[in-house]
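Paired with chain B in one complex and with chain C in the other, chain A is shared by the two complexes that follow.
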Partner chain A sequence: MEDGLHLLFHFLLPPYLAVLGVFLGLAIDRNGPITCDPKQTYLPDWLFVGVELAGLVGGRLLSHWRRRPYVVQTERGREIMGQLAMASMLLILTGIWFVEAIGTAHISMADTSTATFEPITFYIRCAIYNDRAANGVGWWSVAIVLSISVLVGHWLWADHPPRLDEPQSPAQEERGTR
Partner chain B sequence: MAARPRKVLFWRVALLVAASGLLFATVGELLFEGIFAVDSHYRGNERAALAVCGCSFGAFLAACANVYQAVKTNRTFEIAIPANLNTWLATAAAVALGLAIGTTVFR
Partner chain C sequence: MTNDISVTSGTYTTGVVYVIWAITFALVFISVLELICELKGWPTISHRVEDWSDKNPWFSRGLITVLFVFLAHFFLNPLQKP
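Up next is the complex of A and B:
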């Protein structure tokens, strides 16, 4: 039953994200936000921190619905490829954050033009500002923060219960429990 | 014969990542502002991005060491987060991410 619910959650996730993306695209197209409004002070907002923590814990709790998957020992070639992929991803991330540093060092909230180096964090902030200016709370921002934190909590902080056929740890055997 | 357990290097990797992030955010920032001629009004804006950049670079070096280890000895290092630390680190990461979203680095 719970495995089924977990599977349903995974099946519903892609269409949910797709629908969210379409609505967001339409909202941006309708409002045409280009710059932040430096006169407003919408951030910091602890609502986003609270929503993010709730999403993270919620995502972790959803992983309780499925028992721990089987792990198969990988072959040597695959293991090396896996490590190479990890190193490549981290090198790309280093480059992205360096470009981000260049961007953040060349724009301020008071700028009325668009940024030359386009820092990602600046546009996330602008999106939140425009969202809050439009509806007060920033419901789109809340939905995005919640979605991302649920995904992070579910996949990167998963806590699957052990399989029924899994060998018990010595402490569990002593207690006679699983 | 049972295989030897893999070397657990989590703390060394964590130290390398933290030190690299700190170096980028301090010495790296001074060099960065000199090279890119950052206007005095914007100075310091880039510190957070440089710190994360440094952490990524430290993790990249650790990943390279793991590739070398895999090629040379056919065994990678064990760098999984210890189970008793998992909850604390995940909570700290979540709070840090929340603060990054909720507060501003731009002036």
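Up next is the complex of A and C:
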């Protein structure tokens, strides 16, 4: 039952993410605000730091719900998928930093005209501004920061219960938590 | 020195749409890889990352710190050009 629900989640996640992303992009492209109001002082805001920390702890707690998964050790599959994931991640990060660098190079404090190319950082801050202007708290921003933090806590600070046949590590025995 | 015009984004709509679609593509790609791994019985991406962080707790804590500083720089700075 637990494994079935987990597999169903994996099946539903890609189309859900794709539909959500395309919908949001089209909605902003057609009806969204064209800029943000610089007279407001929505940022900096420490609320998001609290959301980050809550998400980190929440992601760790989430890992308590499932034992370490059983995996079939097929070396070829492991290697190909691992290399593909790593290469893709580095390629995407390179692209992001390249765009950020170009955007940063195109703006200037002395420039009084509206920019024609800007770094990604501005778009994200501007999106937070528009979000807060629309609903006060910035619920979309809070949800996104929370989601990223939960993922970080779940992946990088996981604390799964061991499999039934899995011996405890010395650190786990020392803590006596498993 | 900044003024109202210079802190107003001129390419917001197009830029943020590209950001959303780039993030969507990355997330869909990762989730498809996860699904393939689950179906094949291979260790998933998340399992690999969890394994790595379990074996390298200090690197993992360091990476968490870097990621959170990166996130925080978005919302602990005012909206203005540097």
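Rule of thumb we're sticking to: the second predicted complex is superposed on the first by the 104 of 178 C-alpha atoms of A that agree within 3 Å, B and C clash if a C-alpha of one lies under 4 Å from a C-alpha of the other, contacts with A are read in each partner's own complex, and residues count from 1 in each chain.
One rule holds for everything that comes next: a residue touches a chain if its C-beta (ideal position, glycine included) is under 8 Å from a C-beta of that chain, and two chains touch if they have at least 3 such contacts.
Quick caveat: nothing in here was measured; it's all calculated off a predicted structure.
Chemist: Looking at A:Val22, would you say it contacts chain B, chain C, both, or neither? Reply first, second, both or neither.
Modeler: A:Val22 contacts chain C only, not chain B.
Chemist: Touch check for A:Gln83: first (chain B), second (chain C), both, or neither?
Modeler: Once the two structures are laid over each other on A, A:Gln83 reaches chain B alone.
Chemist: Check whether A:Val150 is in contact with chain B, with chain C, with both or with neither, and answer first, second, both or neither.
Modeler: neither
Chemist: State whether A:Tyr123 touches chain B only (first), chain C only (second), both chains, or neither.
Modeler: second
Chemist: So in the superposed three-chain picture, is A:Leu62 touching just chain B, just chain C, both, or none of them (first/second/both/neither)?
Modeler: After superposition on chain A, A:Leu62 lies in contact with neither partner.
Chemist: For A:Val142, decide between first (touching chain B), second (touching chain C), both and neither.
Modeler: Neither partner.
Chemist: Comparing chain B against chain C, which has contacts with more of the residues in chain A?
Modeler: C
Chemist: Contact-wise, after the overlay, does A:Leu91 reach chain B, chain C, both or neither (first, second, both, neither)?
Modeler: Once the two structures are laid over each other on A, A:Leu91 reaches chain B alone.
Chemist: Touch check for A:Glu100: first (chain B), second (chain C), both, or neither?
Modeler: The first partner, chain B, only.
Chemist: In the superposed view, which residues of chain A touch chain B and also chain C?
Modeler: 43-46, 48-49, 52, 56, 84, 104, 107-110, 121-122, 124-125, 128, 145, 149, 152, 156-157
Chemist: Could you pull out which chain C residues touch chain A in their complex?
Modeler: 1-17, 19-38, 40-50, 53-54, 60, 63-64, 67-68, 71-82
Chemist: Residue numbers of chain A touching chain C in their complex, please.
Modeler: 6-7, 10-11, 13-14, 17-18, 20-22, 24-25, 28-29, 32-36, 38-39, 41-46, 48-49, 52, 56, 63, 69, 71-72, 74, 77-78, 81-82, 84-85, 88, 92, 95-96, 104, 107-118, 120-129, 141, 145, 148-149, 152, 154-158, 160
Chemist: Tell me, which parts of chain B touch chain A in their complex?
Modeler: Touch residues, chain B against chain A: 32-33, 36, 38-39, 41-43, 45-46, 48-50, 52-53, 56-57, 59-60, 63-64, 66-67, 70-71, 74, 76, 86, 90, 94-95, 97-107.
Chemist: Using the touch definition up top, name the residues of chain A that touch chain B in the complex.
Modeler: Against chain B, the touching part of chain A is residues 43-46, 48-50, 52-53, 56, 60, 76, 79-80, 83-84, 86-87, 90-91, 93-94, 97-98, 100-110, 119, 121-122, 124-125, 128, 145, 149, 152-153, 156-157.
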